[in-house]
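You will see chain A twice below: alongside chain B first, and alongside chain C after that.
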Partner chain A sequence: MIGRGPLGAPPDSFTMDTITPTRTADPAKTDLPLGLMLAWRVVVAIGLLAAAFGVAFAVGIEVEGTLRWVFTAALGIGGVLAILAIQWTRTMVHRGRATGFFLDYLVAIGAAFAMAQGADLFNGLDTAAARFNDSALFLILIVVGWFVGGFAEKTKRPALVRRIARSTMAAGLAVLLVSMGLLPGLVEFARRLTQADVFIPLAIALVAAYSARLLWSERAASSFGTNQNQAEVMDGFFFVSPNLIGFLVFLAGPLLVSLFISLTDWDGLTQASFVGLENYGRLFSDAAFLKSLRNILVFGLVAVPASVIPGLFLAALLNSKLPGMKVFRAIYFLPSIAGVVGVTLIWKNLLNATVGFVNYGILRATEIVNSLTGAEFEAAQPLWISGSSVALFSVMIVFAWQQLGFNTVLFLAGMQGIDPSLYEAADIDGASAWARFRSITVPLLKPTTVFVVTNATILALQLFNEPFILQAPGPPNGPSNSTLSPVIYLYQNAFQRFRQGYASAVAWALFALIFAITLVYFSRQDEEGVLSA
Partner chain B sequence: MPDTPTQQQDRRRRLVRTTVNRGSAYLVLVLFAAVMLFPFVYMATGAVKTPSDTFRYPPKVLPRVPLVAEIDGEEREVFSLDFGSGEEPAVLVETGVAAGLFVDPDNPERTVPWPLDLASETGSTVTVGGESLSTFDVQLVAGTETLALQRNTVVGRFQQLDGDGVTYAVPRTATPAETIDAQWSNFSEVIGLRDLDRALTNTILVTILVVAGTLFTSIMGGYAFARVRFPGRDKMFLAYLGSIMLPFIVLIIPLFQLMVGLGWVNHIGSLVWPFLFNAYGTFLMRQFFIAIPKDLEEAAFIDGAKRGRILWTIFVPLSWPAIATLATFMFLYAWNSFIWPLVSINVANADNFVLTLALQQLGGTAGESPNLLFAGIVLSVLVPFTVFAFAQRYFVENVATSGIK
Partner chain C sequence: MTKRWWALVLAISLVVAACGTDDSADTTEGSTTETTAAATTETTAAPSVETTAGGSEGEVSLVWRTRPDNQEEIDVYSTISTEIDANLENITLDYQPGSNEGAGYQQTLLTELSAGTAPDVFWIPGTDVADFATKGVILDLKQYGDADADFSVDDFYPGPMFHLTYSADTGNAGDALWGLPRDVSTFALYMNVDLIEEAGVTDPRELEAAGEWTWDAFKETVDGIAALGGEIKGYGQSAWWGPYGAWMNAAGGGFFNADRDACALDSDASIAGLQFERDLYSTDAVIPYGEDPEPPFRAGTVGLFQNGRWATPGIRTVDFNWDVVGLPTGPNGPGNWLFWGAYVVNADTANPEAAWELVRALTSADVQAEISALGANIPSRVSDAALDAFSGFTPPANNQAFLNGLAQSPTAEGPLWAGSWPDFVSLMDAEVGAVITGDRDIADFQANICSETADAFSG
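Let's look at the complex of A and B:
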């Protein structure tokens, strides 16, 4: 028997076998519509198996290559489970309820998805967005309601204020939805219901959802003799299901597909041909790819320290409890809020070789130095973005400038975790600020430092936005490939030259590099005992 | 007990040291703050400049426009010229005045274009730059000078705006008088002509949906991983944790193909539907839920409440800090994402642009008008900056928690 253990305790090993269904109810006495449920189970089993055959032999459905067999296998397993569920439902064991519920749940989601695709609901967001352009101001009502609700506790009659706030928000949402065309949308949807590819999936979805609801109910739980632990397992899978489905469809699935694509020669349109590891072999003799690797290493070696080292010192200053530190922290953090596209475009103008502030600043600074020292320095006026020797340096400036505040805040968070009594002890010993920084802050901050460096390195390795925006409208690889990064190379191969197999190999090579760095990071953290602590 | 002289000295020395330390700390902080803020100041003032003002050299921070004076119901450009007592505003009253370009024999770098009527030939000549030129007594504003005539030219006659002084200069090279003035119309232009309002509302819609969807799935998943026991839970969680480290670029090609297959590519939905699930968010909520005392739900269980109810009525109200932290994280993620919209939304389909894409297009094509680009950037940072002003705590919290992931 498994009880609810203390929180965070190592979980007991769970397998389906440890849960022995206990019969507590007599199937004959149930008030569930047993006949109808059994009939529905049979329909689901036949439907799933038919769909599996349909996909396998592509009857009216176009599914490419390997994916077809994945779908066939999934539907086939579903079908077999559905057949088993018939028997389990007849004998009224919990397994019948659990299997039936999850089959119905998945069938309902699948059918609802097919219905939404058939009725073009997913792309209906375009229409909604067009309407939203005129009605976005109603959002203010919702925001105002939110703020009023936040102040409710400070007023004399919080319950009343909260109700006002809630109704304001509800009214705002209603007005927003109506002005976004909810009603015409519903009418349009009703009209599309007459199409078979909308009506049939909708009917299936409704029946499956109803059946799932029935099986989820307390009534079903007692009829099928579900015990508490079995109920918990059902709850667990149910709660994790939205995430799990998304994870499988949009992350794990594409990841496997990506690995497969990297082993093929594919333009993204026609049939892919399997080439094994050829793409990976080509990487090592591809001058452009090697150049992109070299660029990114040079970039990382400069931009990472440039964004990390000042961050460490700034954080140490910010940690000094002097007045005004929160303001400085907020200012340093602004570039991380503003978004890379905006700030890169600002820097693109600042770095303009002829009228930009950077070159003007260099000129003025040189003049001042010359007039003070009597020297005759020539002011450097680099071409920045368009100069093949300085283009990558321009990217470094933008990257370090944007990353600096983020790193500072990370360091600051790490420093605030250091025991203040250590500093007090050092103060009593008469240690200088620099000595305290060197012998307390830096060593104790090592885990944070390792994380900051790893994080900045991973970001630097995925460099794309800054050179892409700086070099526009020219090609993002910059003058003589000086700002070509692996991600830019990937983008150009995948979406401009339509060599998606080769581009996937680039992606996996880069992933391997990032993964190796992450592993080094974790082993370092382990040495520090952070993970085991 | 009075201090001994050495104690006093010691204290004074320490005070000096602290003051110097604090002063230099603030100096460094202010210096970096200036470096961080300057691009934003430049953006904000650039957004209200005229197009030509953005290309001026030397560059200026504040927006300037040419000064205009109304004379006899007519708008006239105002210049800044010397009438004997420094630069003063003046207007051009006559063009094409026959003049000579006079050169200072003692300083050949200095040339003065001046009407020939105000010069009288002296009869002598002087050699300037290997050329023999005849000299003139020229009645300049400051007084008569003897200069050499280099060649003939034409000048314009300028009338002092606040007096009756008269001076001559070449209108093309005369310094225009300027005043600091903001071109607020840049915003309406960038919204109206470049349709940035559409990109703005699209971004708002996408962000709202992504934040709301991720909060929902993360709260559900986080609760399951934290409090509900089911087979395979911990292995599943480990896989989730690992996927946080997965760079998005590995997924970009298959995800694009998936969007093509589903027919969502080039639609706003492709920016929303795949991004309603976030491993980091699930992780964040799980970490928070796991720290909530167990007694709180025990009582509800005894009352026969179901887990869904317990989650939404007990856990969620207790978790506002974590929810707000996750919301700010997802807000920045959705608002600023660039590479995926770039891949998914066709460049020709401006109706479905989000701000990042619209700005990139504006920056790539509107090279002749950076002022409009700056106005667009101001619009794009307005919402994040406002949210940051109200929820700074949660942004910082988010960074701090990302450090322990």
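Let's look at the complex of A and C:
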């Protein structure tokens, strides 16, 4: 539990204060301002229900499309919970505390966002970030102060030096903030505070935050009879709440909206109509989509092994203790941290059929072979990007090359986790290097291999950037649609053909494919006991 | 605990600093229309628009956007925005380049239109006008154009204005006004003059001046240059609808029938243009279809490179002698495209009159001349002054080649008012590419292509 240390230890002032009573709370004996808390709970209930009504019937609050009903449902549920919390607070049961706390917490966050929107802070933050770059020079003062302070502390210099260092940091921070516009910002913020759409949400946020703090306190825990388990549940949810809220708002929410959109004919600009499963039905007769599926499966079958198998052998090579091996590890990892656009542009030039280095290399190599052997081989000059039979292969090369380093590092990490005594025992038994690799390294790397293969497969099935850049300035579909991938097709439908509904169906079909393949991987490995290992 | 309070104070300070640094303050720096002291009331119709009252009565802020190709263009458009801001009374401008590393122009624009946060004035490609107009996301400016005594649609090239004044409701051009063209471009052939001299073939500019720059002469020139051997090629074009469409146009064909409501790719004239391309690509004299021809041209290994005016800034950096020449005359005479894009007004703007003023200012002769200096654009105004200014920006020495393209009744690119241009072009690109590379029989193409693309016209 995070809230309280061992018995007798002083509670951390910033964490939740909890006790372990199991007694029944008595409303008459609490020292909490119960009347005010109940009044606030009523205000929250009325506010949430009124907001739900306002959103649903567009009274004062205009939210369009699907979000309207999502907001209505969320606010309505909040309102009902707030009503229940009134009763639970009156009877001083833990549910009243927990429900009230989380409602207040969410109301405070929501009101703070509304205040920021009303004060135009989000747009301002963009500009503030740009101003930060312009004023970043003053960070040097802070960094200098920090170094001097650290040095003074370590070398036990006089306190005066440390104070000067701290003052330098504070001065640097102050100058930075002033140069970013803190003073006019204060004036402007004070002016905006007079606007109702800023002042009211700010007041709500402050009251809700205060109420939440009150419910978080030790005396509230005591008054509401919160026991150890209940306190731990509250602690847990509170501490994961930033992540949970982010997940719900930025991942789960959009995913559900996308699922709904896939059931409509929405064009992204006008009102959508519900079409049921029509978009999904069309997928099966859409030649371009089926072609993209075929391409991506062929791509995955070749590109995944091409990026995984060499990575395994390379990792075995880099796992040796030869001098300078760390440098090579860094070199092989470089492609993974390089931007995919930059890497693909370089490959695009390398693979150019007429002036690319790859064909030039083939030409020169053939000439050397001919001159050495007297043969008259004709140098192949593949149309790497424009030939319908090899264009997808070019994409595989770029993809595998870029993924190789990352896979190598994962394998390397896995290999370094293998018990060295196994290799020593094998050495004593006279096992060859290949036998050790085959009988010790490969079997013990299975969990890593599962992860690497799964990860590479998911990335392969989401192919987009490489063909998009390789085929430019032409369409990314490539010759005879040979490099068309489902994600490219999705993009084209969503942003070039104004078919967000159909594009969402493509996205969900691809999700189903990726999910199914991942599931097969994991279930196969689970059967073999690899994952539990 | 002290550290936590300091962190809180710092976070609040950053947030408060954000209040004093809004975008409009940036863009109006130094201008006479700065309105920081004015009380601001946000309109509900368009989040990007602010109407101010108080210090400067009637002051409005407009956000506008165009798609630049490079930082130089961003700088020029920013300067232009500041200049227009200073000249337009009671209008404060905020220019946004429009795309970033994470999202393309179209992607960002559609997302913002969907969210109701799109700029007041923005640029779109000519082929998108129908989609934007019929979906009601751009404003019909006809009433403002009619009320503007200084405005005439005849000031601009008729091709783009046909689409920009077309009303889907009445089916007639002239019944609406969806925006004004930002600039135009035509195709020309960028020439590696050194390579042409080395090959000993007749200079295409001389042939053009003598009226002998025909398809046959073009083919001879290409073969002559390629005869230099090695990696030298005579000609290169990119694999999209513009280049092959120009050959179809010169043969008298085209993508659509006259009413633009049915496919015409199967017409004998269109097939003649395509056949010429297929014959051209059946030899080793050209950059293989689908390969980007710009790198080899810049490397000095291609004699003739077909592209629009937008390629000029990049070509200006090559280290060989180069110029441009017009496209060769086909069986039906000269054929070319008139490429264009337009400034349009967000249908949700709270300040349509101010937006119209901005569109007018952005398409004025002075502004167009300023942008033309970059070399990437041709003014969209039919004005001797604008064209004279354009001609003065060299290299290339032969700017007239682009202007000749404009004068020879080029086919204006445009949307499909009775169908889906993206659907049509997606199918067409793949099949035409297959014909040119020999993957599809041209007779089969002629027999079936229009039925294959029929769905694109179903609306």
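In the analysis below, the second predicted complex is superposed on the first by the 407 of 533 C-alpha atoms of A that agree within 3 Å, B and C clash if a C-alpha of one lies under 4 Å from a C-alpha of the other, contacts with A are read in each partner's own complex, and residues count from 1 in each chain.
By definition in this document, a contact is a pair of C-beta atoms (placed from the backbone, for glycine too) under 8 Å apart; a residue touches a chain by one contact, two chains touch by 3 or more.
Source: prediction; values computed, not measured.
In the superposed model, A:Thr91 makes contact with neither chain B nor chain C. In the superposition on chain A, A:Pro254 contacts chain B only, with no contact to chain C. When chain A is checked against chain B and against chain C, the one touching more of its residues turns out to be B.
Legend: residue contacts after superposition of the two complexes on their common chain; A:Gln496 is shown touching chain C, with no touch to chain B. In the superposition on chain A, A:Gly268 contacts both chain B and chain C.
After overlaying the two complexes on the shared chain, residue contacts for A:Leu173 are found with chain C alone; chain B is out of touch.
Once the two complexes are overlaid on the shared chain, A:Thr448 sits against chain B while remaining clear of chain C.
Once chain A of one complex is fitted onto chain A of the other, the partner contacts of A:Phe333 are limited to chain B, with no touch recorded for chain C.
Within the superposed three-chain model, A:Ser217 lies out of touch with both chain B and chain C [touch as defined at top]. Looking at the shared chain after the overlay, A:Ser523 reaches neither chain B nor chain C. In the three-chain superposition model, chain A touches both chain B and chain C at residues 14, 123, 125-126, 128, 130, 268, 348-349, 354-355, 472-473, 491, 494-495.
Per the touch definition, chain C reaches chain A in the complex via residues 1, 4, 10, 13-23, 25-26, 36, 42, 44, 104, 106-107, 110-111, 113-114, 116, 131, 135-137, 231, 233, 238-240, 287-292, 294-296, 299, 301, 420, 422-423, 426, 429-430, 433-434, 437, 439. By the touch criterion given at the top, residues 21-22, 25-26, 28-29, 32-33, 35-40, 42-43, 46, 54-59, 197-198, 201-202, 204-205, 216-218, 220-221, 223-225, 228-234, 236, 239-240, 243, 245-247, 249-258, 262-264, 267-269, 272-277, 279, 282, 290, 294, 307, 311, 332, 335-336, 338-339, 342-343, 351-352, 355-356, 359-360, 363-365, 367, 370, 373-374, 377, 380-381, 384-385, 388, 392, 395-396, 399-400, 402-403 of chain B touch chain A in their complex. Taken together, the chain A residues at the contact with chain B in this complex read 2, 4, 6-8, 11-12, 14-16, 117, 122-123, 125-126, 128-130, 132-133, 136, 139, 229, 232-233, 235-237, 239-244, 246-247, 249-255, 257-258, 261, 268, 310, 313-314, 317-318, 320, 322, 324, 326, 328-343, 345-350, 354-357, 360, 401, 404-406, 409-410, 413-414, 433, 448, 451-452, 455, 458, 462, 464-465, 468-469, 472-473, 487, 490-491, 494-495, 500, 503-504, 507-508, 510-511, 514-515, 518.
Contacts from chain A toward chain C in the complex involve residues 13-14, 62, 64, 116, 119-121, 123-128, 130-131, 173, 177, 180-189, 192, 267-270, 288, 348-349, 352-355, 383, 385-388, 391, 471-475, 477-481, 491-492, 494-498.
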